[in-house]
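Look at the two complexes coming up: chain A is in both, with chain B in one and chain C in the other.
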Partner chain A sequence: MLRYLVLYGHFVRFSTSKAFEFRVDFFFRIFMDLIYYGVNIVFYQVVFLQTPLLGGWTRDQSLIFLAGYLVVDALTMTIFSNNLWWFPVAVNRGDLDYYLVRPVSALFFLLLRDFAANSFLNLLFALGILTWALVRAHMEMHGLDIAAYLLLLALGAWLHALMHLLVVLPVFWTQSGSSLHGIFYNLVRFMERPDRIYTGWVRKLLVTALPFCLMASFPARMFLEGFAWRLMAHFALVVAGFTVMVLSLWKIGLRSYASASS
Partner chain B sequence: MIKARGLTKTFKVHKKQPGFAGSLRSLFVRNWEEVHALKGVDLDVEAGEIVGLVGANGAGKTTLVKALAGIIHPTGGTAEVLGHVPWRRHNEFRRQIALIMGQKAQLWWDLPAADGFLLLRQIYQVPEARFRENLARLVDALQVSDKLNVQIRKLSLGERMKMELIAALLHQPQVVFLDEPTIGLDLSAQRAIREFILDYRKRENPAMILTSHYMEDIESLCQRIVLVRQGEKVYDGSTVKLVEMYARHKVLTAHLQVGESPPDGPPRPDRMAGEILEWNGTALKIKVERRDAAGVAAQLLGNYSVADLSIEEEDVGTVIESMLKSGPAT
Partner chain C sequence: MNVGLHFYLLEIKKILSYRAEFWLGFIGNVASQFGVAYFLWKAIFLARGLTSLQGFDFGALMLYYLLVPLVERAVNGQELGNVSGEIYEGGLTRYLLYPVSFFRIKYLGQLAQSTVFLVQLFVAMALFMLIFRTPHAIGIFSILKTIPVIFCAGILHFIMTINLEIIAFWADNVWSLTVLNRLITHLLGGGLLPLAFFPDRVQSWLGYLPYSRLVSFPINCLLGHVGNREWLIGLTVTAAWSLGLGLVAAWTWSRGLKTYTGVGI
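On to the complex of A and B.
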């Protein structure tokens, strides 16, 4: 475990110094994400000009949800997104060969080797927005509540990464690269809005088999509406289930790995 | 150290008919074809041995190496490397092997080699003192100390390959797979890498498998050679013996005395059995069937005044080439 932490420390150091080298790109990416954050905040302000409640939440509560979503987004962008983007390429080109001969989990390399330093700054901004949303809501809350919220958001980010991985893993059999991402990027948009705006079987699907509504909405619901065992069990079960499923699929995939010939 | 029995590997590939119509057809109907990359290969390699794995493109060399390094699962057969089944990929196994592929970089493109080495030290848990000592020795042997802090993408191909070798050997592996380590390199870099590999063998006594299309690599590094053709092993034995057993020809080189009138009129080498490689009136180079060599030599010596005569074996590359085309000579 310690060894993996030290290795991750190296990844962070290398990725960061690489990111600083291309500084125009670095600042541009941060700027783009900030625009995205701004657009989202304005979106909610506009929605609440028309209605007092959205999915059962007031404007202040919705902003806390939004800030939570932005934290999940920034977390995945910082840690996983770049790596998952390159995942099919690494499998197709045979880069995986070198990871497989090392005495370290190959999945660890594929999922974590690139740390997005620019997104890390955005993560700090997202946490800033969360603080702002919490302060303006004038809610009664404990430090422990906030810590629990952040922890649940981190689990949401992990679920986000798992779903993306699930979508790209078929590359072991299809050998086709980035078309797989499209599925994920379309589905992931369901995470951006409160889960209760969806109803019927769509909602059922979005909290079980395609759990995009769990990633940001469930943590926010537990924070805003109080801890509920049922909700927590649901959330934990889905995260655990997908973890097991994705890891098994990865192992099955490796058995079929043909490795690009040289 | 390496022991493989009856390794087979079958890939399924779909066969597309040529042209756009064929592409359209393949969208709906696929003709799957089985490609047998390995058809039951046995192989044993002991510590201290460098085995040259030779074959045409697509003969199955790389597949064999990848199965033994644990990257791919074979379809059938068994293998044991350092007492482990390679494709189970135990960490204990992976800590003791190394793989170097001339066509694929392992060091990260945007990092200087020195950073890559630090990462590898963590991955393999090489103790600090040993790491320093190994690194200093390897860098010194390949003379790249001034390039350690240059990003990999800014290095020449030869320098990059040297860095790749250092990266692969820092943890002192007991089994080393070298897949075309000298591909595309200039002669001096090739030579440096060969010497380096020999030096590593002397020091660590590892089992090594080398594939290469350069015969100089094979001749200077491998006492033993394994020929694969279409997934099958067609020869496994010493390099010297290969030539003795399978060379079909010998090359006779004779220098004739100028000025003296030959007893039989001007030399007519075209009347002799064999293929003339060179003839300029005094120097004659002729390729003859092995069994004819003595006869032709006698003929030369008897009919002409010969200043110098030598009989040479065909070189390894030629023998291998003819074997890969048509199978072992009978």
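On to the complex of A and C.
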């Protein structure tokens, strides 16, 4: 475990120094994400000109949900997104060979090697937005509640990464990379809104087989409406289930991997 | 055959060569944007027991949201980094040597994409009206008025993108700037929300910016909400923005060419 932590420290150091070689791009990317945050905040402000409640939440509660979503987004962008973006390329070009021969988990290398330093700064901004939303809401809350909320959001980010990995893993058999990312980013749109706006079979799908509504909505529900064992059990089961499923698929995929000709 | 026409037809062939990926991408993008909007506004209409919001009943609002990704694709095309890539990789040198205009070729590439996406737009609209038997019928006159609007909006979008992409002469990556432009256009152009939902003062301010000409204006033309006078004014404003930003691009381009080494990354 310690070996992996030390290795991850090296990944962070190397990625950060690489990011600073292209400083203009580094700051452009930070600016782009800040505009993305601004667009989302403006969207909710305008929507709440038309309605006092959205999915059972007031404007202030929805802002806390939105800030939570931005934290999940920034976490995944910082830790996983760049790596997952290049995952199909590594499989198609045979670059996976270099990871397989190393004396550490190949999946660890593939998922975590590139740390997005610019997105880390955006994570700090997202946490700032969350603090602002919490102060605005004038809610009674304890440090422990906030810590639990952040922990659930981190689990949401892990689930987000699992789903992205699940969508790109078929590259072992299909050899087509870019269209798989497209499918994932289309589905991500569903997590940007509170889960209770969805109804019927779409809602059932979005909290089970395609659990995009769990990533930011369930943590926000448990934070805003009080801890609920049923929600927590549902959340934990889905995260555990997808972790097992993705790890199994990864192993099956590796068996089909045929180096550069894959 | 004329070189431009040949290039245009070649681009269309290229777009259609990966048909499964092309249609899957199209359906996925439209369905997800429309799906999220459908549930969001359905929840709001139901919660408030409303029949209309800012002049939109639920059916009209859904038609608007169906048209957003279709019109955006028809106006924008899909390629980012088309121009900056040539600068970074040194491919621009070819155009400086060959007797063809760099911008003409690049614009024809976008026009080819727009043509294909425009066909998709009309196919999707026909399907929507067939399935939902909507009372918000779109007349042939509205369609005829919309085609030049989308064409002019495509030119404006091309020039706006060029202005950002030629920063590649000085910056090490401009991809984020073009994404940023799309984000801003989506919000201020009326893609995320119809502009009628913004406060009145903001709406009048947004009317002066070029973004509404890229999304909201073509959709309103298609829905028959734009009178002849307003249509002419809209086209003139689009042309004025295109001219102004075109002059800025020409000036920046001439400065950038002086710094261009042709080495590539």
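Miscellaneous remarks
Simple rule for what comes next: the second predicted complex is superposed on the first by the 260 of 262 C-alpha atoms of A that agree within 3 Å, B and C clash if a C-alpha of one lies under 4 Å from a C-alpha of the other, contacts with A are read in each partner's own complex, and residues count from 1 in each chain.
By definition in this document, contacts are C-beta pairs under 8 Å (C-beta built on N, C-alpha and C of every residue); 3 or more make two chains touch, one makes a residue touch a chain.
The model shown is predicted, which means the values in this text are computed figures rather than measured ones.
With both structures placed on the common chain, the touch criterion links A:183 to chain C but leaves chain B unconnected.
For chain A, the partner touching the most residues, choosing from chain B and chain C, is C.
Using the contact criterion defined above for the overlaid structures, shared-chain residue A:3 touches chain B, although it does not reach chain C.
By the touch criterion defined above, A:100 lies against chain B but remains apart from chain C after alignment on the C-alpha atoms of chain A. Once the two complexes are overlaid on the shared chain, A:35 sits against chain C while remaining clear of chain B. When the two complexes are overlaid on their common chain A, residue A:43 makes contact with chain C while staying clear of chain B.
In the superposed pair of complexes, A:255 makes contact with chain B only, with no contact to chain C. In the superposed pair of complexes, A:145 makes contact with neither chain B nor chain C.
Within the superposed three-chain model, A:14 lies in touch with chain B and out of touch with chain C [touch as defined at top]. Of the two partner chains placed by superposition, only chain C is touched by A:197; chain B is not. Residue ranges of chain B in contact with chain A, taken from their complex: 11, 62-63, 66, 69-73, 89, 91-92, 94-95, 97-99, 101-104, 106, 108, 110-111, 115, 118-119, 122-125, 179-180. Note for the complex: chain A touches chain B at residues 3, 6-7, 10, 14, 18, 21, 94-98, 100-104, 255, 257-259, 261-262.
Against chain A, the residues of chain C that register as touching in their complex are 21, 24-25, 28-29, 31-33, 35-36, 39-40, 42-44, 47-48, 53-54, 171-174, 176-177, 179-180, 183-184, 186-187, 192-193, 197-199. Residues of chain A touching chain C in their complex: 22-25, 28-29, 31-32, 35-36, 39, 42-43, 46-47, 49-51, 53-55, 176, 179, 182-183, 186-187, 189-190, 192-193, 196-199, 202.
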